[in-house]
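Once you've had a glance at the structure underneath, I'll fire off some questions.
In this document, chain identifiers A, B, C, D, E and F correspond to the written order of the chains, with residue numbering beginning at 1 in each.
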Amino acid sequence: MTTFHQPVDAAEVPRFAGHSTFMRLPAVPTAEGLDIALIGIPWDGGTTNRAGARHGPREVRNQSSLMRAAHHASGIAPFSIAHVADVGDLPVNPINLLDGLKLIETGMAQIAATGALPLSCGGDHLTTLPVLRALAKSGPVGLIHFDAHSDTNDSYFGDNPFTHGTPFRRAIEEGLLDPHRIVQIGIRGSVYEPGEHDWAKAQGIRIIYMEEFVRRGVAEVMAEVHSIVGDRATYVTFDVDSIDPSMAPGTGTPEIGGFTTREAQQMVRLLAGVNIIGADVVEVAPPFDLAGMTALVGATMMFELLCVMADLVDRRR
Amino acid sequence: MTTFHQPVDAAEVPRFAGHSTFMRLPAVPTAEGLDIALIGIPWDGGTTNRAGARHGPREVRNQSSLMRAAHHASGIAPFSIAHVADVGDLPVNPINLLDGLKLIETGMAQIAATGALPLSCGGDHLTTLPVLRALAKSGPVGLIHFDAHSDTNDSYFGDNPFTHGTPFRRAIEEGLLDPHRIVQIGIRGSVYEPGEHDWAKAQGIRIIYMEEFVRRGVAEVMAEVHSIVGDRATYVTFDVDSIDPSMAPGTGTPEIGGFTTREAQQMVRLLAGVNIIGADVVEVAPPFDLAGMTALVGATMMFELLCVMADLVDRRR
Amino acid sequence: MTTFHQPVDAAEVPRFAGHSTFMRLPAVPTAEGLDIALIGIPWDGGTTNRAGARHGPREVRNQSSLMRAAHHASGIAPFSIAHVADVGDLPVNPINLLDGLKLIETGMAQIAATGALPLSCGGDHLTTLPVLRALAKSGPVGLIHFDAHSDTNDSYFGDNPFTHGTPFRRAIEEGLLDPHRIVQIGIRGSVYEPGEHDWAKAQGIRIIYMEEFVRRGVAEVMAEVHSIVGDRATYVTFDVDSIDPSMAPGTGTPEIGGFTTREAQQMVRLLAGVNIIGADVVEVAPPFDLAGMTALVGATMMFELLCVMADLVDRRR
Amino acid sequence: MTTFHQPVDAAEVPRFAGHSTFMRLPAVPTAEGLDIALIGIPWDGGTTNRAGARHGPREVRNQSSLMRAAHHASGIAPFSIAHVADVGDLPVNPINLLDGLKLIETGMAQIAATGALPLSCGGDHLTTLPVLRALAKSGPVGLIHFDAHSDTNDSYFGDNPFTHGTPFRRAIEEGLLDPHRIVQIGIRGSVYEPGEHDWAKAQGIRIIYMEEFVRRGVAEVMAEVHSIVGDRATYVTFDVDSIDPSMAPGTGTPEIGGFTTREAQQMVRLLAGVNIIGADVVEVAPPFDLAGMTALVGATMMFELLCVMADLVDRRR
Amino acid sequence: MTTFHQPVDAAEVPRFAGHSTFMRLPAVPTAEGLDIALIGIPWDGGTTNRAGARHGPREVRNQSSLMRAAHHASGIAPFSIAHVADVGDLPVNPINLLDGLKLIETGMAQIAATGALPLSCGGDHLTTLPVLRALAKSGPVGLIHFDAHSDTNDSYFGDNPFTHGTPFRRAIEEGLLDPHRIVQIGIRGSVYEPGEHDWAKAQGIRIIYMEEFVRRGVAEVMAEVHSIVGDRATYVTFDVDSIDPSMAPGTGTPEIGGFTTREAQQMVRLLAGVNIIGADVVEVAPPFDLAGMTALVGATMMFELLCVMADLVDRRR
Amino acid sequence: MTTFHQPVDAAEVPRFAGHSTFMRLPAVPTAEGLDIALIGIPWDGGTTNRAGARHGPREVRNQSSLMRAAHHASGIAPFSIAHVADVGDLPVNPINLLDGLKLIETGMAQIAATGALPLSCGGDHLTTLPVLRALAKSGPVGLIHFDAHSDTNDSYFGDNPFTHGTPFRRAIEEGLLDPHRIVQIGIRGSVYEPGEHDWAKAQGIRIIYMEEFVRRGVAEVMAEVHSIVGDRATYVTFDVDSIDPSMAPGTGTPEIGGFTTREAQQMVRLLAGVNIIGADVVEVAPPFDLAGMTALVGATMMFELLCVMADLVDRRR
């Protein structure tokens, strides 16, 4: 592979034309030869209330046709410095939770085996668990986690251990994450009980509630994030419900008082320097979306993550 | 119980006021003493494409506030001749398919044990399977099935036997339905293969495709329905996707060319005389609905079924 | 006035341009010199459930920009045979029911005094009462009434006599309508009690329920309508909820199983020959509408009525 | 009453299941024994433009199913320290303004007589007038008023004194409010005339316009609020149009440039220490809402108010 | 090419997964080797009022994921008897009308050169003009035209000859169509003047207005259609606004009183035997659509046309 | 003209009543005698992706019925100090780009000739080019440009020089704008290439990216704006996509991370003192809007601009 995949140019082919892929990149059958693989994970089998994130990848692809080739602030032109393409959707099973988890893990493991960094689009937040199972083969990794919810609950509806409210508890139990290298930012909204986050804190997870974020500001918070994850392998997971529901209404568990997109963009840009082994944007639920607004946020946050990751690839080369 | 439950009167309390229950009836904790129990089954664990029927009961209850106390054409005043109330929702499990099936069966069995006829609101069409398990304890029953789809496929996504495309195959295999006393009306839409319905027909199921329905008309079709099910125990299941998507867009698997609501109302009214042991309206999926239109169709079809069932109760008394 | 007002031509000025008036006609300050006055009555003070018809005139005007200058089936070119214009909205009072009724009556009386035939756009169905008060000065008139509801109830919420469920009872009591020259077509939907329509029938009102309409067909029904109203003065009132909710969702009290627009258009065209003294289209409620669909139905039904009325004007000249 | 009412637990019964009540609490027939009564007031009889707040309580109840049992920032678990339940909707009259006012006052007086603190959900802002009539029996009270509008106009449409633009002028005239203990925060949007607020200011009302709020910030403004109302009886009224229309589009009189929900949440949390005798959230108008967004804001602001009020109850015990 | 392209099977890969193509078929770079090419023409440069059909192909592709592999009524399995695939979108120019026409003609000519029958998805109705220019190289062809409008006007906005209201006048003038072999079905809606269709009729076009269609019925009308076009080369064009706006609201020029989808499906099935050289479905305008309803109608009508065309291919083989 | 045109008073005629004009002002046939002319330019012929701004003026007029007579913060009562009215829409041509540009220029020139300051509502951003052609007759003017995009690209789709992405490059080339007196504020979103803005900067345009705006704040940025444009003739153009998509979703090219309406209002108020020769609000695209939200932003920003312009008129008098 000697030339870089380029997105279709909107000054030649209008944005509404052509097949819909992530960032208008070519759809390729495999991640072989890619630096960064854009992946859909259309699965919401862990959703306890409003399902719909299964439709996320299609609509995020659709809205991503509004992306262009370079970043206006950082100047990064990701498609000129990294091999990037759309590798399609992982296999899923919408009616069988355990099979769904297994299919996603297997599919992601095949991509990881090529050496490409995965940047995926969910899907509900339970999809991050099988992704971590595929990526954290050589030991627990760090996690930068943007979300309204800690997602470290224990079980639901009797003793069901796998829901989109539990992935990070399971990931810690399974040795996929190093809890002292986990930071959660934007946590807010009513809780099941005052001590709901005690387990997470006891493990060593650093929870930065929205109130603290507002008080300290982006720069200070992100400095702490860097100090927590250091320079070892770190996964970045961006739950779109971290954003305020006015900007991202299409999600399963909205909580008012969220990040503005400006704040989210600033934070993601400040991930530069983190040793990112993969990233995802999850919980875009089109059936609850308005005019594609949330899918556009999802697509843009993927573009922001892509720029940071492409820069990382470029610096390492 | 000596007096009948009455709905809240909209000439006294406006329709937008008060808690939302089916037909503005009292919410009661048990079916004891009822002739007909109105039940929600908020579960769509069997949905292979667009989930959302889990939200059906709440929105059907909401739109059912437009119902009044008597039927304008038949003159039946169901709440004056039968004890009817809203017994709430059955327990469900949104993330565990097998537990979901079990919970619904158990919940429905408790209602059936009281002698009340169940009139339930799904939920996806897989909910009808555990309902039949609870009701067909003394042998296979007949089925009058309004739908765009036969729902007699074998399995999905590998070997998963339980989806909303398979309930009636499973019910026949489990001895819950007598295939020679099954009639399916309104079947249409593209099929997986030309022989998709061969198994069903081989069992003895009578499929009346939309084209035959249009050709023969309501009266002739319903006469045949009566001759098929006879006077033995029969369950009635009404999938809202039998109705045209312009009238019922809020459903998971729309197929154009469907019944008009007029036709559906005429057919349900002609169920008078059938030995109905229970009925349901399923596949109302509010996240895909427009302005409550589909939920209103669902609520009205429940009211139409209720009038026929109340009349049956009254005649037997 | 020697030349006829012409609508703006969409082949010269696109439909989305220019101020929004009924049928793109000039807005004029008075009905003086007009044969037919197009009028808005933005008032829903009688609405017992879902208000919103107050916004009807504005959206019907908006959608009426899709109308053109001649009728494709009858060949009638209303603007070439009658003086027609948009005289604006009558004064209303959204928070004072009795003042609202009075303002509408006064406003309509001023228009009637000019000799112009009023074709108005509501507003809820209670608006027809003050309109009749203004028009039926010389004795009771006949009524052709398209609706899902008889609107002849007695009172609501205690002893409140004026709601959109009572106008025709009040109009009969006040001697504005001759009950033996009233015909209601399309009545359907559940009723408060089996005898809800007994009073109306006892007065002599002919109710043609939807079921009878379906059985007998447009031609036969409309022949009976002519025989009922004869050649004396008759008002025509078209409640958009007579149309099926799939075609007219934007209304306060939808009832499934309604007229198709085709049927409604056929019926209105067969009003040719009736001695129409005025007409209205009511209960278009934009806050509940979808994509202007109901307002388009309202605008088109106004155009259909206008063609019949212009033809009447032309024949009399 | 020895145990506290608890909301249905979403880890046991999913949020979409069960009857819809405020915060998933039990629906109880009376406020007897409650510390705080959650109440619906489905009435918008005073609305001068876009009606729809009559539908507010139902949709706020619906969205309140997203609330959980404790506050993530303050740690307050309201249902464990106060007796709280949903007492249903007050009687209303949608077509008779004066009767509506009387019914609301009477209904609220019955609740107040039990000693429970009312936390109600409107309804338009005129509903606050009869609520104050019921609560301010022993003399004028203070008012903390979040709103885009001062609502102290004199009359509309002739001499109609009661609209949602006039309640606080009437309340002052009736001796229900002490104008020197009224503070209005967030006022903005164009005005009828430059001196529109002169009367209010002359009475002693402190108006904090949005511009001053932005300049001074939440902490300083809320400190002044406390100094204005002091420790005497104070009512809190939260008009959802104080929030920006992007976050709360479903309201009758939107004005751009509003509070963010973050700011609103911060302000309500800083009400701790105020002697609250009752509170309301008004002007949620579902027909103009998008995806339940405004109703979710309404439900969350009710939860925020509830936490402050429950803490007050707990401290007094 | 020895094996047929097959759509992705929804019993293996759920409908919401994978890239979106027409009928879930492979996206191929060229029509070489195909019997039937599915093509998008995302262009609405001729739209005089509500633009948006440029977005049609993407949304029709999206909704076509609901199609399956065989026709339930005819038994035709198009993908097993014809080589069919999605060849992508033709090049277009959204801001230059004449360049747009040229690009479409050139693109379609390349496809036609391969011998594949084109089945395209517009785009507004002006797209049919360059398609005919590409297909009618050897002399005028016949036209079966389903539409609410005749589209044979002369010019707009001064002397602009090319709009979506003029394509068939231009095509006749250019010798692309034989006017005596043109039949237009479903024409309705108000007209610019009583004689608007005189030119078309004078050329020999047979216009079957909606009223005649309703009177005579599908079978009789379609028999006449066959007699008009005979067995010579014929193009089929299906304007989605021929369908009633309740079923197809997402279109630029809706006219009430349209075809039901049932009627449309019956008519298209009765095209069997016509010598179809190409077909299109046009005027699906997603920005005006509701819940994908119109795109689903468009996708299903494409599937109906595909079955007839595949059968034609198969019979000729 | 001795008295000022006044808007209809909403305390007398409710906001939903009456014909829809900008700010409820009289519709007048000419700008003669006006100080400020409110104008619609319903044209989006330059739109490269999502058309719809052609519908902008109608919906902005509709939402402007929420405006009142005075500014709450500045105290300016524009209708009492300046002659203002709605002069209707300029002629346009939706299917012919060059004719469209010419018609707009001619129409605007006629208004300019009266001496009235134009305040127009687009339409897409290409409309500003013919407006500048009409206004900058005596030499290049300055420009204050609020936008997410620089709109200084060169050409699209081959060599097409006129799109809504190119107006200000053309205007500089044509000598209509002095590039050293151009300031663009709010620029953001991905770019076609890292050097996309090099040409603009080389001309002397000052681009204040969103990041710089956030860092420096409104006051500092607006001080620089004043220093750039000085006291010579300056045009103000406000693209609604400068606002965040959560507040203004109804636009063709949304970019997340935009201005809040608060910020935009603050900036426009700080235009006091600028020598404004005309202004516009563009790119409101109703087909993509939600609940009129964007049109309300557009109407309010027009009101904000109007107050500044009326004050300018008043000070000069």
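Rule of thumb we're sticking to: a residue touches a chain if its C-beta (ideal position, glycine included) is under 8 Å from a C-beta of that chain, and two chains touch if they have at least 3 such contacts.
None of these values were measured; they are calculated from a predicted model.
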(request) Could you tell me the least number of steps, going only between chains that touch, from chain A to chain F? (result) 1
(message) Just to be sure I understand the contacts, which chains border both chain F and chain D?
(response) A, C
(request) Report same or different for the chain C and chain E interface, where same means the shared residue numbers exceed half of all residue numbers found there. (result) different
(message) Test of understanding: which option in C-F, A-B or D-F shares over half of the contact pairs of A-F, residue numbers taken as the match?
(response) D-F
(message) Using Cα averages as centroids, what's the distance between chain D and chain E in whole Å?
(response) 55
(request) Would you kindly tell me how far, in whole Å, the mean C-alpha position of chain D lies from that of chain B? (result) 41
(message) What's the distance between the Cα centroids of chain B and chain C, rounded to whole Å?
(response) 38
(message) Could you pull out the residues of chain E that touch at least 2 other chains?
(response) 14, 16, 48-50, 54-55, 94, 156-157, 244, 246-247, 288, 290
(message) Touching pairs of chains, all of them, please.
(response) A-B, A-D, A-E, A-F, B-C, B-D, B-E, C-D, C-E, C-F, D-F, E-F
(message) Applying the document's contact rule, which stretches of chain A touch chain F when the two form their complex?
(response) 9-12, 14-16, 66-73, 75, 77, 244, 246-247, 260-262, 265, 290-291, 293, 296-297, 300, 303
(request) Would you pull the chain B residues touching chain A in the complex into a rising list? (result) 44-52, 54-55, 93-97, 99, 156-158, 160, 162-163, 287-288
(request) Enumerate the contact residues on chain D facing chain B in the complex. (result) 13-14, 16-21, 27, 40, 42, 54-55, 57-58, 61-62, 86, 88-89, 91-92, 94
(request) Report the residues of chain E in contact with chain C in the complex, numbered from low to high. (result) 48-50, 153, 155-157, 187-194, 196, 209-211, 214, 244-247, 249-250, 253-257, 288-290
